[in-house]
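Reviewing the structure listed below.
Residue numbering begins at 1 within each chain, and the chains themselves are lettered A, B, C, D, E and F in the order written.
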Amino acid sequence: MKKVEAIIRSEKFQEVKQALQEIGVVFFTYWEATGVGNETHGHVYRGVAYSTTDIPRRMLSIVVSEEKLDETVQVLLNTAHTGKVGDGKVFVSTIEEAYRIRTKETGTKSLN
Amino acid sequence: MKKVEAIIRSEKFQEVKQALQEIGVVFFTYWEATGVGNETHGHVYRGVAYSTTDIPRRMLSIVVSEEKLDETVQVLLNTAHTGKVGDGKVFVSTIEEAYRIRTKETGTKSLN
Amino acid sequence: MKKVEAIIRSEKFQEVKQALQEIGVVFFTYWEATGVGNETHGHVYRGVAYSTTDIPRRMLSIVVSEEKLDETVQVLLNTAHTGKVGDGKVFVSTIEEAYRIRTKETGTKSLN
Amino acid sequence: MENLNFAINNVWMMLCIILVFIMHLGFSLLEIGLTRAKNTINILFKNVMVIIIGILTYTLIGFSLMYPGEIFAGGILGFSGFGIPLPENGLSPEYAGGNYTFYTDFLFQAMFAATAATIVSGAVAERIKLTGFIAFAIIYVGLVYPITGMWKWGGGFLDELGFYDFAGSTLVHSVGGWAALIGIYLLGPRIGKFGEGEIKVIPGHSIPLSTVGAFLLWFGWFGFNGGSVLSANPAATSLVLVTTCIAASAGGLSAFIFTRLRYKANDLSMVLNGILGGLVGITASADVMGIWDAFLIGAVSGILIVLSVAFLEKKKLDDPVGAVSVHLTCGIWGTLAVGIFGSMAGWGQLLSQVIGISAVGIFAGLTSYGIFSLLKRLKELRVSEQEEIEGLDVHEHGTAAYAELKYE
Amino acid sequence: MENLNFAINNVWMMLCIILVFIMHLGFSLLEIGLTRAKNTINILFKNVMVIIIGILTYTLIGFSLMYPGEIFAGGILGFSGFGIPLPENGLSPEYAGGNYTFYTDFLFQAMFAATAATIVSGAVAERIKLTGFIAFAIIYVGLVYPITGMWKWGGGFLDELGFYDFAGSTLVHSVGGWAALIGIYLLGPRIGKFGEGEIKVIPGHSIPLSTVGAFLLWFGWFGFNGGSVLSANPAATSLVLVTTCIAASAGGLSAFIFTRLRYKANDLSMVLNGILGGLVGITASADVMGIWDAFLIGAVSGILIVLSVAFLEKKKLDDPVGAVSVHLTCGIWGTLAVGIFGSMAGWGQLLSQVIGISAVGIFAGLTSYGIFSLLKRLKELRVSEQEEIEGLDVHEHGTAAYAELKYE
Amino acid sequence: MENLNFAINNVWMMLCIILVFIMHLGFSLLEIGLTRAKNTINILFKNVMVIIIGILTYTLIGFSLMYPGEIFAGGILGFSGFGIPLPENGLSPEYAGGNYTFYTDFLFQAMFAATAATIVSGAVAERIKLTGFIAFAIIYVGLVYPITGMWKWGGGFLDELGFYDFAGSTLVHSVGGWAALIGIYLLGPRIGKFGEGEIKVIPGHSIPLSTVGAFLLWFGWFGFNGGSVLSANPAATSLVLVTTCIAASAGGLSAFIFTRLRYKANDLSMVLNGILGGLVGITASADVMGIWDAFLIGAVSGILIVLSVAFLEKKKLDDPVGAVSVHLTCGIWGTLAVGIFGSMAGWGQLLSQVIGISAVGIFAGLTSYGIFSLLKRLKELRVSEQEEIEGLDVHEHGTAAYAELKYE
């Protein structure tokens, strides 16, 4: 099994979620994170303009079977894409074992 | 060393924490996440009833030695369990190196 | 590629960030987490004193190339350090593939 | 004697001014609580600007348009000149039969004026352009509100006709409500609100702030209705406070029961809307109703709110805070109620009420349609899609309302 | 002359009505701030319903029970009929010696009535069932509060006896406080509050909102005590405002110092409770105390609060907001103080005070025990364990107070 | 007749007391909203203590220092003894020409007193030690404020000289503003504010709460200025309310336009500061200005705010809430304006104003320099670096303002 971690623009989330569900990836976990990278945002506060590299992002953690991996990554690369600096990253790593707490199933059976 | 990532019901957290501490797993990190999966929650807002699959969850990240792994996973599977849809998942992966920042110890010594 | 996960004191973040940027690690993602460990904090609320092991921490997730790994870990160990209980941990694991969503680049090219 | 009476009345009227002022905070909080965190500063900014604009345009032209005085008044339009020069006896009891001074008069009316635009602010929230809204507010508060106001309160044709609207169910609330309705129609719904046939819920980010807002509105309404007696007359003012409170309570109660029966939920935002609906409902007639009349007017308002909110959603009209339901639906109902309950009830009166509602509705509707359409053509009405998705605060104001918090 | 005096007094009384009204917002915010985010809508909902219920039941029966008038009054019970029909001279100076109109009278008393139930709301928060609480509030505000109120203010036996309670340390605050105490006793503590011999802290989710609440309560107390003069008499009203402020300040100060010495912490929630304790303490006697009396009454209140909070926790009585300590402990203290300090001090008076406290305590205690026990038997008292853990907002109201935020 | 007039005036003055009281909540919220979540309880704690200290020290010595009465008054210092013993005719019309009672007088002034220290609280926020601040507040409110206040309002040398300051642009706002300036100078900026030549922005954690604060300040200002008429005189009070509102609006408007032009942003916090600046500006002369004078005074205030905020930042003076700009800069401007606009304008008056501003500035500046320096030497001024970084709430108060939330 593989873990796909995607760091995306928060505002792209709805689109990404829908696309994932369309290919049958209907299980994942996400949270709000802050990204540091190339992108900067301009702000003004009480007369001082400043720019920050710390930008709100959404982090998705999706555990999928090897077969689903490619499709999942492709969907992420396509739907989270705007072409402008700051689209985010996708990281893939290995999950050795997975358990569904409800049924104590393991392996890919536990994934969805 | 292994990383155990558990996505559990927020309201089960106190119970899980206590059980972990009883088996000597007194070190971990957690945060609030949102889970997408089988479970749905019903809501009503200004006369519109709707159900959402985005449910608040707590994510635990526990790095343990290989010896502790099984026990830790069992405790999670048992105490986070209600038997109803939405109990969550446990994922296991490998951690290659661990450091305690305070002492610069490495390996399993650094874990607790 | 390696993923370096660092759990540090929130108040050390600015220092750590700056040190990382000085060695060219200008890309990472972070979020607020809660740590359970050796450190305890004392509180008083409405006349009841209590201490908690659940302490606010900042979690950094940094994906780097193998070459950058040592340097990154060293910087974290040095700048997040105070010597007092609760400095946090650094965990290293393997990332098999990385993608930049904007350009669809893969591998270390995608990292920065 | 005369001077003492003058002083008492004037103290009461000043208290009412102060209470009506704080209603603007009430509106602001009600609105931000029922919308998303990413647009909070924007909504607050609009509300703050509305008071400023209200007071200043009313100083410049509004007061002279709404109360031109006998010499300049016409049936439908009159104007006594720019600014608010103090009339000769403006500070003496002669000015208004010993009820208040010229300045008190002006300020009380100015506080009312801003209300009309504030009502709109909530309905069009989360998608309207700041500059567009400010332009709208200037024209609406500066011209539209005082003109229709004059028709009745300034001695115009509706007054002659016998139309009755004690504190402004129509002249204030419906005037705001019509513009709100036209505004949301021309703006269209927020992105994601009506997707593929189903209504998507966009929950407000802080129900506590909305509740504070509703409480402050009720608080301020003591002044809104109580001050509309235009003197401290003990009999009239105390009756008005009682009918106001009973209608508010009845509105809340009926909204509570009706929502529970219909949706099987104890929906706080609906109960709050019910209370506000009851308040709007009684506003046209708080001085001429008995206890049970007030109860009935309020109770019907509470039910109308629930029906109206559902109806608008069905028609894909997106009103995040329920402004149209509260101010227009209950404003119309309250104005009609003058002809149905209480001491003025009767077919003749009902007809006058219908004429008044229609005349004001047509004028307010057409003018707001005109202003909003023009803004739309000038591309000053709606923010860009990106801005709407990312939030108006970061784009129009350069910062976030809660800088240290992560909102989804 | 008579009419002018009437108008002045009535303006002051109406101002006080408006101030007491906003105390309900004060209570609401104090309570939600000191409890958890997941129960916020529920608490607000209860507080909103309490005002509605207070006003409506008081209209229906409460006022007639509490002020039945000479003809219907008895020593312990009287009733002049349903509703609030306007008495013949109800709107003229004759009604109450030129102090206020019938409607002003009614509304001022109605605002007080709701307070008794609002006090309870905070103590039983985070675990009581909504329907159960509403049922309790209807009975308590509709029957219990007006009956004990009549004993003194309606001319009943406590009045005859010489019992003194200026603005209701006992008649309002203790009446609420007793029900709060009985309520938390019968409900039991929140899950997780008293685990294995040790007291677990459940911190409130928003100290800022609690602080706003405490400020608004002080703000409203100007009307609560100031209006209890029942006229605008300059000497009496201004003295009352001063003693009220001094007692509040003294309560805050002593709570600050005492908490610091005892717990080595600058605990804001305790200072706020100290202020409120000082306000409750002076309420029985704000019109008969001198400056230093007021200071002492307030200072003792502030210390009592701290001791009382600790005592209740030791007894495993779980009162999240300190309602029992503020309203019952300081309510009793303040009522006793009438016999200890100030112009009425003396053994005879002290005895009367003890009798009054006991009589009211027994009646309020028994009736609230009866109501809550019945609700318990009907399984309408406490929510299910799951509901309590997951939060009442999602279960009873179908939505979260802060939809876009993650609360732990 | 006399008694009636007395009662009316006294009711108005009591209303103004109540309004000025709530300004303290306004200040509290403005301040916490513009600072970080980790220091919220600390700021609220200071503000709550300031009212307590204000009322109690003013009872003990302040009132006797500020209004020693003819017998004890000197040009620069007078004292009529500890406490506030009721003068013989203190509760009758003779006390103050039928305008208010002794107690009303005292309480109105006491509410003003606390304001001076509250202003400072915001400027020194997020780094001052709690005990140090409390010590400062006691001395400043107990001694400094009443002494300078006496110079003018107590009949001292500035009054003789013809200096005019209606409601305290100088005597209240600048007195607070000077201490704020000296305080931030001696304290130094917050850690991380001025790093390596560039100004770092530390955004406030809740713009909504700041907005509520600003609204409540405006709300309270009706009483601050309205009550400074010291009677309910209809002509004077109603003029004052109108000039106050127009200056506030003009201040907000000019700050809005000027910020937009200069920084290309719609900065809400600056508009709010502009409104407050307009209010401070008109405070010295609300009773002697016409409509357009008020507009100009306000409009200039709004621009001064923006310039002053930028200037202080350039000078590395760290004032998180803009207190110096609002209260000192606009306080000076407003005091000068008495000699420039309106019925008192003239070179002679302008000179008197300059003398008054200077005298008060020197005394307030020196004394606050003295107090803060002493505190610094005693290491009671600034919290430790660790405490500042981790937050004052957890260190000084043992708990977090929003226990269940994660703030960055």
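What we mean here is this: a residue touches a chain if its C-beta (ideal position, glycine included) is under 8 Å from a C-beta of that chain, and two chains touch if they have at least 3 such contacts.
Quick caveat, the model's predicted, so the values are computed rather than measured.
Each step here moves to a touching chain, and the least such steps from subunit C to subunit D number 2.
Least step count on the touch graph, subunit C to subunit F: 1.
Any chain bridging subunit B and subunit F, meaning touching each of them, is among A, C, D, E; the list is complete. The equivalent interface to C-F, defined as the listed pair sharing over half of its contact pairs by residue number with it, is A-D out of A-D, B-D or C-E. Interface residue usage between subunit D and subunit E, two copies of one sequence, is largely distinct: under half of the residue numbers at the contact are used by both copies.
By count of C-beta pairs in contact, B-C exceeds the other of the chain pairs A-D and B-C. Centroids built from CA atoms put subunit B at 19 Å from subunit A.
Averaged Cα coordinates give subunit B a centre that lies 45 Å from the centre of subunit E.
Mean C-alpha positions place subunit A and subunit F at a centre distance of 50 Å. Taking each chain's centre as the average of its CA atoms, subunit E and subunit F sit 33 Å apart.
In subunit B, 31-32, 34, 43-45, 49, 93-94 are the positions where the chain touches two or more neighbouring chains simultaneously. In subunit F, the residues that touch at least two other chains are 1, 4, 8, 11, 15, 203, 206, 265, 267, 397-399, 405-406, 408. Interfaces, counted as pairs of touching chains, are A-B, A-C, A-D, A-F, B-C, B-D, B-E, C-E, C-F, D-E, D-F, E-F. Within the complex formed with subunit D, the residues of subunit E that make contact are 1, 4, 6-8, 10-11, 14-15, 17-18, 21-22, 24-25, 28-29, 32, 40-41, 44-45, 48-49, 51-52, 55-56, 59, 83-84, 91-92, 100-104, 106-107, 110, 130, 206, 209, 396-406. Touching subunit D in their complex are the following residues of subunit A: 10-11, 14, 32, 34, 41-45, 49, 56. Across the interface of their complex, subunit A is touched by residues 199-201, 203, 259, 262-265, 267, 269-270, 306, 309-310, 313, 322, 408 of subunit F.
Looking at the complex, you find that subunit D touches subunit A at residues 192, 386, 389-390, 394, 397-399, 406, 408.
Considering their complex, residues 34, 43-50 of subunit C touch subunit E.
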